[in-house]
Amino acid sequence: MTDNLSQPSFWLQETITPWDIYSHGITRVLAHQKTPFQELHIVETGAYGKALVLDHKWQSCTGDEFLYHEALVHPAMVLHASPQQVLVLGGAEGATLREVLRWKTVERVVMVDIDGDVVAACQQHLPEMHQQAFSDPRVELVIDDALTFLDQTAETWDVVISDLSDPIESGPAYKLFTQEHYQQVKRVIDPGGFYMLQAGPTAPAELQQHTRVIKTLTTVFKQVQTCLCHAVTFGSPLAFALASDRTFPHRPDPATIDARLAEQTLGQLQLMDGETLLGMMQVPKHLRRAIAAEQTIYTLGNPPQL
Amino acid sequence: MTDNLSQPSFWLQETITPWDIYSHGITRVLAHQKTPFQELHIVETGAYGKALVLDHKWQSCTGDEFLYHEALVHPAMVLHASPQQVLVLGGAEGATLREVLRWKTVERVVMVDIDGDVVAACQQHLPEMHQQAFSDPRVELVIDDALTFLDQTAETWDVVISDLSDPIESGPAYKLFTQEHYQQVKRVIDPGGFYMLQAGPTAPAELQQHTRVIKTLTTVFKQVQTCLCHAVTFGSPLAFALASDRTFPHRPDPATIDARLAEQTLGQLQLMDGETLLGMMQVPKHLRRAIAAEQTIYTLGNPPQL
Amino acid sequence: MTDNLSQPSFWLQETITPWDIYSHGITRVLAHQKTPFQELHIVETGAYGKALVLDHKWQSCTGDEFLYHEALVHPAMVLHASPQQVLVLGGAEGATLREVLRWKTVERVVMVDIDGDVVAACQQHLPEMHQQAFSDPRVELVIDDALTFLDQTAETWDVVISDLSDPIESGPAYKLFTQEHYQQVKRVIDPGGFYMLQAGPTAPAELQQHTRVIKTLTTVFKQVQTCLCHAVTFGSPLAFALASDRTFPHRPDPATIDARLAEQTLGQLQLMDGETLLGMMQVPKHLRRAIAAEQTIYTLGNPPQL
Amino acid sequence: MTDNLSQPSFWLQETITPWDIYSHGITRVLAHQKTPFQELHIVETGAYGKALVLDHKWQSCTGDEFLYHEALVHPAMVLHASPQQVLVLGGAEGATLREVLRWKTVERVVMVDIDGDVVAACQQHLPEMHQQAFSDPRVELVIDDALTFLDQTAETWDVVISDLSDPIESGPAYKLFTQEHYQQVKRVIDPGGFYMLQAGPTAPAELQQHTRVIKTLTTVFKQVQTCLCHAVTFGSPLAFALASDRTFPHRPDPATIDARLAEQTLGQLQLMDGETLLGMMQVPKHLRRAIAAEQTIYTLGNPPQL
């Protein structure tokens, strides 16, 4: 009853494993809504700013989102060197869009998100994230299922970025982590284009999703690369997967990357530069071995399991 | 990241002692608001229905509020036998009002709550609690500080019920638990009237607030009685204090109480009857001894401490 | 990594309901052992002294055990008026034994506990609980399954006290909460004797175990009475069940009880006296109604479910 | 009371920030002891094996310790190329020792730990960690304060590895993170030798310790390098600091590193190889900038603050 301590009273608990829980102390609930697709909270935390939480799962927060969004967007963009047409799948916060729009080469970005209510809530409550990206004339926002959109579009892109929260979820999202979907994505990527996606945690107790996503991607794309993510508030380290039919360097020269970023992007990047990119692409031995040993390919007939 | 378990992800933690914490799993946040006086949440819990939470402190919930509100209202009412004028201090949920209005003898109830925003949120989101009590023509709702109201009123009451959350809080509420305030209340109570108030937890590690409130009341009223409360969701047992200048029985006859309730009240009481009242008024020995040993009187010069 | 706060780091979580958790901050682990029957911890808490924890379930603690053990032992003893032969089932801490031994009338106590390792650990680490009760020449300690013991004994008792932790557990303990077991107990009770047992929580969301135990007992004994327990550290209020074929008062006269306790017991009781007993036996209306409405009888063929 | 769920009941909570807590579910307490210096627990967790916990702070666990200990030991060893004399400060688990002993070049290792009771408990309960390293004839174990040992020793070393848990602790450990201590260490390092130490978390909300340790080291050693650590069970990413007066490459050639490891070490490394090392030494831009901006030097007169 009495609450004389300085510690917070509201907590969001993220179950990393059944025996490892990361708890975020919540100081305010800024928005709460039940959309047709999910339950949304936008909350204020003590140490990491405002956070978007969907179905009680942490999506991103203002305090470390640059570690996530810059790392998700720029590797594909800078390795492409001159991305003009970009497709973003998911990405409601608008932060992925914001990073894409830094590129002077970009002429058009289509962002496809299934949940217009979440996008609207982020537009209202998370200006630190989108920084008015949705108003940029190069942006087209499509509220639709990514699968439907991909089936119907006739366009192709230089870079496709999949900013979907989790490889494994209840609901139809599991389809987004199958060979069939990766083939569907490949059809809309230009021959020299790149595909970057969130690809699960890399902690020793949770490797399996990542190794299977990588294995599955290798059946579709000529080159697939794990990119480590330095974001901290998920409680567990994440990795992305970078895939292309184009050959790209596993150890890009930092100076070349720095020069390209300086020339082609606007504004000040907090995380990304040549040294950061080189580090992200060096995969620790235990993870490389687990990837090499992986045999399972996710398909619609053998999808990720809960 | 993955959240495959059925356990809830949002928790409200109530610090009972620094080493004893009661956590309520929250399934939805129904309302959240920062009023001029406090931060309000109305949440849905898994096992105990909807709850009002003020400044991150549990106030009451639909799943066990009858154990609180019936026990707070009816002892004073039934021992008075014919209450006509009733004053409620606090009580935003409207549940205290609801119980008062069961009494056919009641002609007028004034409810004074400092925070109109909290009352409005409860009116909107907690109909199970107030059950339209605010629309009863006998009710007058005053949004004001209880201290100011008591200073200015010229009326007197048969029963005064103080439904203020906690004896000890940050802010000016500590004044409501002093000898000076009890004298102020006594001035507006009819000579044969009763005063009932929430009077703190009775767990062995937290007895002090209760014993001091009782001790302080005995300096103002001729008879003071601890009444045990059976509510469970506070994580710690509570007690009320019943005070009067009129003599009242410490072991009221259950049959007499039952007859009086049957005659004078409307609707079905869930908790209160003669046996329940008799039990509430029998104070365990360790608590009686702690009350008897208490020396401290709360005054404005020596108020409850955080 | 840094742990600059005064809050504890080790917590024992008691799941009251899946959405209501009581957490005890642990300051030290005094003993830890895996016995053939269960996992034992004896821990030190911040606010409630030392606690015995079996299979991660709170059994009792030095800080409020008097609220449990005095309430478990004395109602049967004092209503019997002259108990000489007493049987204790379970009760490893020795605190139930301690309370039984206060009675000058007692000539012999047999305590039957299945787990000698737990008894030995309590003897070593919880002297505050047993207070050398195991050394009293009137005590006979039997390490055996209560069911086996009851089947084989030819003795009878004035009072049988069942201090078994929980009506519902994994393992064979469920048998101890069936009609068949209650009949087995009845066979070893003298015609004027009493049976007292722990009978589950009484919180609104958890009533069912209690009402079914009471219902089941009424098929075996002529009079059955709920006795409320004021212990606080279980996070949820408990009740005991008092059963006898002898008629006993539902509202015992406090003065008579006080006189009997003064005459027949040694040492200073912290909780129990006439007023406390009268209060314990007055059952709140909602609980009486739930008991009256209960239809289910626990039998070996229809035992308590997990 | 009832505990029917599969979730664990004992939790160790690590406070990362006051609003970010990482909880480890404990399935067994294998050892618990209060030594003259600290409180020790060796526990079993659900997902990450056995863990050493000192003063309620997570030290390391069998499930991901290779990510910590291989990364702590091998960078200095492999960059040195032919380490013969090695000094380990702290390192009670014996896992740091184990990694040092892989080096065929090593002739002698002195390990200095202040707490012999912790070392003994690890020897008994954590064979997975030390793998009999303490029995290697090249090892000399000294139970002493590292500061005293360094003051008194006349020896010098090729590599000094500081495996002390935390830059900032209660007690005298803060002295181990000052300029004066780093100068003391430098005196016992051969001119071509290396010093590697745990250097705090790198999460955005907790950068300050790391940047100050690096800044302080740069006042003592000619070259200082942050090395990222991939361990996950601390809840927050850590970094080490590698310091030397010898020039060493910031981007060591992976093939050269692989060849050196193959030639000079025994057994199978899980984490370390040329690619891993290259990645560990590429510091993300935001961290490099924070290091570059840091002005504070830790000295005995201006030590790390709680």
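By letter and in written order, the chains are A, B, C and D; residue numbering begins at 1 in each of them.
Keep in mind that, in the parts below, a contact is a pair of C-beta atoms (placed from the backbone, for glycine too) under 8 Å apart; a residue touches a chain by one contact, two chains touch by 3 or more.
Note that the structure is a prediction, hence the values are computed from the model and not measured.
Remark: rotation between chain A and chain B after Cα superposition is 180° (nearest 5). Of all chains, B has its CA centroid at the greatest distance from the CA centroid of chain D. For the pair chain A and chain B, the distance between mean C-alpha positions equals 50 Å. Here the CA centre of chain A is 55 Å from the CA centre of chain C. Mean C-alpha positions place chain B and chain C at a centre distance of 32 Å. Annotation for chain D: residues touching 2 or more other chains are 5, 7-8, 11, 18, 23, 235-236.
Note for the complex: chain C touches chain D at residues 1-5, 7-16, 18, 23, 26, 28-30, 32, 34, 39, 41, 55-58, 165-166, 168, 200-201, 206, 234-236, 238, 306.
Within the complex formed with chain C, the chain B residues making contact are 6-8, 11, 17-25, 27, 45-48, 63-64, 66-67, 203-205, 228, 230, 232-233, 235-237, 251, 269-273, 275-276, 278-286, 288.
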